[in-house]
Each structure stands twice: as C-alpha cells, then as structure tokens.
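Take a look at the structures listed below.
In what comes next, chain A is part of two complexes: it sits with chain B in the first one and with chain C in the second one.
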Partner chain A sequence: MAVRSSMWLEYQIEANWTSPVIFILYNTLKPVGGSLLLLAMYYVVTGGFLGGESLYFLYIGNAFYMLVAQTLFNVGWIIHDDREHYQTMKYIYISPLSYFMYLMGRSAMRFLLSLLPLSVLIFLGVFLKIPYHIEVLLLLGTFFLGWIFVISSGLLLSGINMLTARHGNSVGQAFSGIFYLFSGVVFPINVLPGWASKAALGMPSTYWFSLVRRSVLGKEVDSIMSGFTTGEVAVRLIIISVLFFVISYLTFRLADYLARKKGILDMTTTY
Partner chain B sequence: MTQKGLRRVLPSQRVDAIACEHVDRIFESKNRTVQALNDVTITVKKGELFGLLGPNGAGKTTLIKILTTLLLPTSGKAHVYGYDVTRDENKIRPIINMVSGGEYSGYGLLTVRENLWMFSQFYGIPGKEANQRIKTLMERLGIANMGDRKIRTLSTGERQRVSIIRAFMTEPQVVFLDEPTLGLDVETARLIRRFIQEWLEKDSERTVLLTTHYMMEADELCSRIAIINEGKIVALDTPSGLKNMVKKEISLNIEIFPEIKVDWLNNLDGVIGFNSKDAGGNLSLRVVVEHDAAVGEVLAGINQHGGKISYLNKEEPTLEDVFLKLTGRGLE
Partner chain C sequence: MNVMLNLRALKGRAYPRMIGAVREPSWMFWETFLPILSMAAYVYVYRSLDAPKEFEGFVILGGVMTTYWMNVLWGMASQLYWEKETANLQLYLAAPMSKMSILAGMALGGMFSTSVRCISIIVMGVIIFKVDFVVTNAGLLLGIFGVTLVALYGMGMVFASLFLMWGREAWHLNMIMEEPIYFLSGYSFPVKALGSLSLFATVIPFTLGLDAMRQLTFPSMATQWGLVSPHLELVILLVMSIILLYLARVSLDRMERMGRSKGTLTMRWQ
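On to the complex of A and B.
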C-alpha cells in the first residue's frame, strides 16, 4: 500500500499541475519530439532518410533510451526535491515505510509513465518502415530486466544525492549520459575505442539494449553483440544486473548511514 | 493500538518513553567543530509532557533529530521506548512522530486531504480509518473546510495545523514537537497548545517532548523542563522547582530612554544576569539581581550612563530568570 502511495505521489507531482489530457500530451510529445529531432539530425548527416540498419539501430535505441533517461533524470530529483523544496523527506524517512521502497515506488511510476511515449514512438516507426519483428515474451522480460537495471542506477544516484546538494538533475543526466555513450544506444559499441568497448561489455545497459533490438527487430545488428546468442545476452544481463543491484543497494545503504551520521537528512541549502 | 500493516512492537511497560545517557553530538566541518550536545542525560517517563527550553542553537533540535532517528549521536546512548536509536530505528519509527515549527513542509500541489491521506498510507493506516481520523482532527483543529485546498494556498498557521494532524493522526506513543508554535499568531498557538494537552489527557501512556524558546509555553504545558544551553543540560526540574531556584533573587523589568549600552552590568557586583532588547528607540531591560543593594546600583548605573527610567517593575521569578541565572543570558 505504501509503495502504491509513493507511486501515486509521483504521478501527482508529475501530473497535478494541469488537466490529465494536457499532461498526457506533454508527457508524450516532449520525448517524442526529442526523438524526432534526432531523426532530423540523422537526415542532415546521412542525406537519406529511410532504409539502412543504422537508422533502425538509432531509432529503436533512442526510443528505449528514453525509459532510462527519463526515469534517472526524475529519480535524480526526488531526494533533493523532497528534502529541500517540499521539506517532507525527514517525515517520510521517519515513517515505518522503508525509504528504499518509497524510492522504488516513485521510480516505478516514472518508468510506467515513460512507456506511453515509447509506445507512440514504436507506432511512428511503422511510417519509417522499421522492420518490426516483435517477440512479445522476450520484450516483456526485457522491460522487467530494464526496470531492475534502471532502479539499480536510480539507487546509486539516490545514494549520491543523499550526500550532495542541488546537483540532482545534472548527476542524473551524467548517469544516463554514460549509458547513452557506452551502451550501443545510437551507434554500435564496435565504433568505440578498444577500452571503451571492453568497458561497455561490463555494463548491464549494453546487454539490455541488445535484448531490446532482439525483441523488437528480431535480430542484433551490432557486430560485437551479434557474437552472443539471445540466451547468453539474457544470462549476462541478469548476472550483471544482480551484481549492479547489490552494489547499488549497498552504496545506497552506506550513503543513508553517512547522511544520518552527518545529519543532512533534513538539509536545506540556498546554494 | 495496533494498526493493520503497522508493526508496533512495544517492549516492557516499565521502560521509560525516552532515555538519554551521556549523549554527545559533535559536528565537524572543514572550518570548525561544533559540540551541539554535551553529555546530555535525561529520562522522560510515559505520560509526561517534557520540555526542553533553550535559546536558538542550544542543541534542542539536534537532540530531537537523534531521538527521531534522523541523526546518529557521536557518543552516548539514546533510547525511545527501550529501543536504541542507532540500531532499532525500524521499531522506533512506528511509535513516534514529529512536528517542526517555522518551516513550509508539504506537497504544495496536493490538497490538504491528499497530503494527509498519503502520509497515513506510509504508516499503514487502513484507508477508511485514515479518512475518519483526518476528518476528526481537521474538525478539532478548525480546518474542516480546507480539505480540498492546495497546501501552497495555506497560511503559516494553517500549514502548521496540517503538520500537527499529520503527526497525531498516526496515533504515536511519543511525539516530538520542535518549536511547534514558532512564528504563529497567538490564537493558533493557543489552539495547538490546548490540542496537545487534550491529546495527552486521553491516554496516560502518551508522551510529548517539546522544545521551545518560549518560556511561557514551557511553563504552561510541561510537567518537567530541562534547560539546555550550548548543548549542555544546566537544570532539570518541574517549572515551580526551577522557579524556586530564583526565589530569593529580584527580577526587575525596566524601560529606559533613550537606548543606552548596558554592557557595564556584566561588571556590577550582585547582578546575576540580564537581557535587553530594543523597544522602539527605548531599551527594555530585564535584570536579575542577588539583593536589594544591587537594585540601587543598577538604577544608579542607568542614570550615570545617560538613561532615564520610564517604567520599573519588580516581578515574580519566571523561567527566563532561571535561565538568566544559570547562563547569564536571555532566551531570545
């Protein structure tokens, strides 16, 4: 019930400023517009618009990246917003509700809200002649694993934000920017320098985007990731996600302890 | 008292509501080290309304933060209902709540009812029961017609009433009130004080720890008061017991014009403490002296320093006089 309440709170904070219709339009058009802008840039750079695996790679990668970016950007705000703007964090923190579960609820709602513009982008892909070959079960599993990896990142981010002041959105953007650059979102990881390609293979996001392409396009076009079977990608994603979650959770607990030790759980800064 | 979905494990009935033993809290930063609490030892029994009286920066909020599991002590032990604040926070949280004064907490875009309902869910109170409690408390605190108003449209006093409801609707065993009437108008402050008293009277197990720098509030509400100054408990007794400490002393209220400097009182023999404040071009001075002879010396000193006395009154000792005697400075 408490997690549901935190999900409800997330929805209210996101949507309560306007009517539901305007919110749905805003929630959809903003990220969709961003993706279409990237398409326009692709057109300018390549001179062509349709066809070509690089377009499919870019379009699908960018559409699903939105789930990561929007959720992380939002999670980056939660602690600073609650602590400094609404000044409610200390009251939530001392309630019997686990603060960890509260953050899970908030991030889950943001993840769900990002599914709508993603659906619109997938639909628009039909007009771009994206060769869809959707494997529903694999896609559902991919969403679930994606949520695990995103909340793990969110936990790590929340841990940092517990100890810092007012850098929530920039830290969130930096986090999601790392995934954007090194996970094969809009270009294959084989174009990265050698060290970066190796680093990419240690990140859960790389396997997640590979699973995304396999579940939506029915194949992998990245030459490095093509070397793995779908099963291998899924197993690697699960193992790295679990490790990532454990590391993130422990980091969050450590940050929680340090924040309590330093007495900054109710910090308000004018920075 | 057990609520659905809420783990309330109350230990032995014989434990004290709050127990602090030699609690120290030191804040260290690059530039300075501040000892916010220095060897604080207090015990608050169940059913008590215990006051912590001291000026701003005395350490009152730091102690509340430790007891509400928001802050770890540097050393010493602190227990709430027998549970250790450093280890048993999950057992403490269901049985406590807190209200801080002088802040603007709450989700401004949500209505009063939505804000309160959301917090009730964080405490696992079933929806129907939560709505009933919210309704009853809103009526009791005179904001029954404000349920659909957004928090951001409320005045300071109205917001504070919402904060009070947020804390008390969870039916805590121990409530921590940190300057709950700070910045409120007289009527709202009185309403909140009356509410706190009535809430305590309904159940002998309920306990309140109140911090304030309003001596009248502490005097009116508290069964016992600890006076805290620079992180140290300097006295602990009933309000009358504390006032007995200055029974023999003489408290003077003096209005002086024009405003003069009164630092010389520090060196005057027989002056225990004084507190002065600007009163629109005049100076309002409260002095506690040891004996009648010192009264004459104070009055003569004012005259020598160019001040004229427009009002002079000898008063019954107050908690502020106790504070002046113990620390040599005023509460404000």
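On to the complex of A and C.
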C-alpha cells in the first residue's frame, strides 16, 4: 500500500503540472539531447553518423544510462524536496508509513517513467541503422536487475542527503556520473587507466551495461567484458547488486539514525 | 538610488552562499568532484574514437562554461521561486533596496563555488588529461570570459523573474535546459558542426563565449571549427549583456507588480 501510494505521489509531482502530451515531450527531450550530444561528438571525429561498433556502443549505452541518470536525479532530490521545499518530511516520518518503502515506491515510478524516453531512443536508433538483435527475456531480466542496482544507488544517495545541506539540485545527476565514467557506458572500459578498469569490474553497473548490450545488440563489443559469458555476467551482477543493496540499506539506516539524533530531519538550508 | 544600501544588500545575499560553502564542505564533493567525472567520460569518448587531442581540450573548456550555466539555472533562475517557497521573497520585497542587488548578490555568491569547480576542471585537464592550452591573446580571452559571465548571469536574472511567474512549470524547464542546451551550445564538440542550427544556438551566451575561448586556446583548430572571429563574438556578447541586464530589470519590476496585484507573491507550492 505504501509503495503504491508513493508511486502515485511521484507521478503527481512529476506530471500533474502539465498536460500528458507536454509531459511526454518534457520527459523525452533531456535524453534525446544527451544522445544528440554524443552523436555530434562522433560526427566531428568520423565525419558521419552511420556504421561502426563504437557508434552502436555509445548510443545504446547512453540510451540506457538515461534510465539510471533520470531515476537518480529524482531520487537524489526527494530528501531535499521533502525536507526543505515542501517541508513534509517530518510529517511523513510520523505517519504510519516506512520512509524506506516510500523511497522504494517513488524510485520505482521514476524508473517506469524513464522507460518511455528509452523506448523513443531505441526507436530513433533505427534511423542510425543500429543492428538490433533483441533478446526479450534477457532484456526483461536486465531491466529488473537494473532497477535493483538503481534503487540501491538511490538509497545510498538518500542516506547521504539526510546528513547534508542543499547546495544544488542536481546531486543525483552528479552521483550517476560515477557510473557514467567507470562502467563502460559510452566507451569500452579498456580505454580507462589500468586502476580504473579494475575498479570498473567491482561495480554492478559495469555488468548491467554489458547485459544491456548483449540483450539489445545480441553481442558484447567491449574487449574486457566479452571475456565473460552472459551467464557469468548475470551471476556477477546479482552477487554485486545484493552486496551493494545491503551496503546502501545499512548506510541509509545509519544516516536515518544520525539525522534523528542530530535533530536535522527538518533542517532548512537557504544558501 | 542609495548605492551603499544596495552594496550592503549585494554583500548580504552573497554572504550566505560563500559562508555556506565554507561551513558545509560537502558541496565540494557534490558540486565539484562528481560533476567532473561525467565530463571526464566525454574525454574518454574522444580517446576511444582516436580523436585529435584538441577535442579533449574542447570538453575541458565546455565543462568550465557549463558549470556556470548549471549555476545560472539552479542558483539563479530557479532561486526566486525557491525563495518564495521558503518564505524569504516577501522579506526581500519589503526591504528598501533594489531587487537587482539581491540577484547580483546571488550571482556573486554562486560564482565563488562555481569558480572553485572551474579551476578544478582546468587543473584536472592539464594534469590528468595533459591538455595543452595555447593562449594566443590572454587579454581578449579574459575579456570574453568576463563578458560571457555577465551575459549568462543577466540571462539567469531574466529567468529568475519568469520562473517565479510561471511557478512549477518553470521549475521543470530547468531540467530540459541541461542536455538539449549542452547539445545546442556545443559543450563537448565545436558548435560549427551543427551547421545552420548553430545560428539559433548563439542565443545562449555561452555558445559564443565558448567558441571564442576555444579559438583563443586551441588556435590550430580555429580555422576549421571557429564560428566567427573572437572579436566579433566579443562585440555580440557585449550587446547581449546590455540587453539581458535591461530585460532583467524590466522583468523583475513586472514580476513584482503582477505578484502584488494578483496576491501571489506569498503563495507557496503553486
């Protein structure tokens, strides 16, 4: 019930300021802008838009990254929004609802809403002659595992936000930058320095993006990740995701405890 | 006009942002370190495509200017709306100083933390990515940088009034003024690549500023990828600065008049 209510709330906050058509447009413009940026970079170097493994790699990686970035952007803002904008955090805390479940519900809805721009980007990929080879079952599993890893990141971020002031509104977006750089989203991880490539293999996102490419393109073009079978990638993703979730949950609980202890649950910072 | 009063107001609004940055160092992580990671990813995209080294420098300079754009969006444009939501706006309007000095104070305070981030980006570019900046005309470069900031923050001041009038709709506008604007302004690539679309992109002040700064720091690419001459870009930016500051004043007055007559200045969560 709590999850359903918070999903409904997320949808209202995100969408009820305008008509559905404008909301869809708004929801799609940002991811499309991000993809065009990368296509322009590809164009200035190669002089064209078509062909090439690296184009498919960066286009698909970036399209799915928007799922991560958009969800984290919103989740990263929930604590500050509740605490300082609507000033409702203390009321949610004293209501018969778990704040943890509330965050789960809101992140789930944001994740679902982000599937729409992803579909648009996949459709636009047809014009770029992306050689789709979609494996539906694997893709569905990939979405589910992706949601686990994204909500774990969101929990970690929310825990940190409970203890920090509001300085800007894009902490979630900045946080997702870690995954953008270290997970082989838009370039193969062997391009990174040696230590960073090794660090990438400890991140759930690296395996998630590898599964994304396998389920959408039907193959893995990253030279390091292609050394793993699809089964190995999935098992590693599950193990690291579970570990990541446990760490994020414990961090969130600790931050929750410290925020209550310090009396900063209703802190307002108007920098 | 009481100059001292307005200078005190400017200092008063800039103070919490500067002192807040010192008191809560967590922003260094959120606002400086993490955003640099996304930008670094673009550098590695160019490396994976075996692009000329200058393109990596283009990304570094783009990262510097978009930092200011982000600050204009989140620290200026949406700030009056935020002040209304936190009930500070009514205090500003009741106080005797010009509202422009409040906005100028916000801009100055915001520039402090933003400049720290920019310096970090440049240091990272030089030390980690070994980007070689060849400054051909330091005076012109500084002039263009300064005028671009004035135009950018002038635009932020105009947006601040508009966003306040539009409420939550405008709040969401901030979101779509990130990636689409990065694309139009050529954040990570030379804007000339957009062809005739680049003409529309020049409405955003940092498009011209960024193009001029790239021409002045990477002269080997200026002929192939420069939009127009940096001198002409400086003139256009100067004109834009004057127009935007004038528009900021007009829209601020208009917003205040409309808000007073409709009684919406103290209405929250609209």
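Keep in mind that, in the parts below, the second predicted complex is superposed on the first by the 267 of 271 C-alpha atoms of A that agree within 3 Å, B and C clash if a C-alpha of one lies under 4 Å from a C-alpha of the other, contacts with A are read in each partner's own complex, and residues count from 1 in each chain.
FYI, contacts are C-beta pairs under 8 Å (C-beta built on N, C-alpha and C of every residue); 3 or more make two chains touch, one makes a residue touch a chain.
Nothing here was measured: the structure is a model prediction, and the numbers come from that model.
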- Query: With the two structures laid over each other on chain A, which partner does A:Leu128 touch: chain B (first), chain C (second), both, or neither?
  - Reply: neither
- Task: With the two complexes superposed on chain A, say which partner A:Tyr86 touches: chain B (first), chain C (second), both, or neither.
- Result: both
- Query: Does chain C touch more residues of chain A than chain B does, or is it the other way round?
  - Reply: C
- Task: Determine, under the contact definition given at the top, whether A:Leu138 touches first (chain B), second (chain C), both, or neither.
- Result: neither
- Task: Give one of first, second, both or neither to describe whether A:Tyr43 is in contact with chain B, with chain C, with both, or with none.
- Result: second
- Message: With both complexes overlaid on chain A, does A:Leu112 touch chain B (first), chain C (second), both or neither?
- Response: neither
- Message: Looking at A:Ile238 after the superposition, I want to know if it touches chain B, chain C, both of them or none. Which is it: first, second, both, neither?
- Response: neither
- Task: Scan A:Trp17 for contacts with chain B and chain C and give back first, second, both or neither.
- Result: both
- Message: After overlaying the two complexes on chain A, where does the chain B footprint on chain A coincide with the chain C footprint?
- Response: 17, 86
- Contact set on chain A toward chain C in their complex: 17-18, 26, 29-34, 36-38, 40-46, 54, 58, 73, 84-86, 164-165, 167-171, 173-178, 180-182, 185-188, 191-192, 268-271
- Query: So in the complex, which bits of chain B are touching chain A?
  - Reply: 5-7, 25, 27, 62, 65, 68-72, 90, 93-94, 96-98, 100, 103-110, 114, 118-119, 121-124, 166
- Give every residue of chain A touching chain B within the complex, in rising order. 1-2, 4-5, 8-9, 12-13, 16-17, 86-88, 90-97, 102, 260-261, 263, 265-266
- chain C residues touching chain A - in the complex, by the definition given at the top: 16-17, 20-21, 24, 26-27, 30-31, 34-38, 40-42, 44-51, 55, 70, 74-75, 78, 82-83, 85-86, 88, 109, 113, 168-169, 172, 174-176, 178-183, 186-190, 193-194, 225, 269
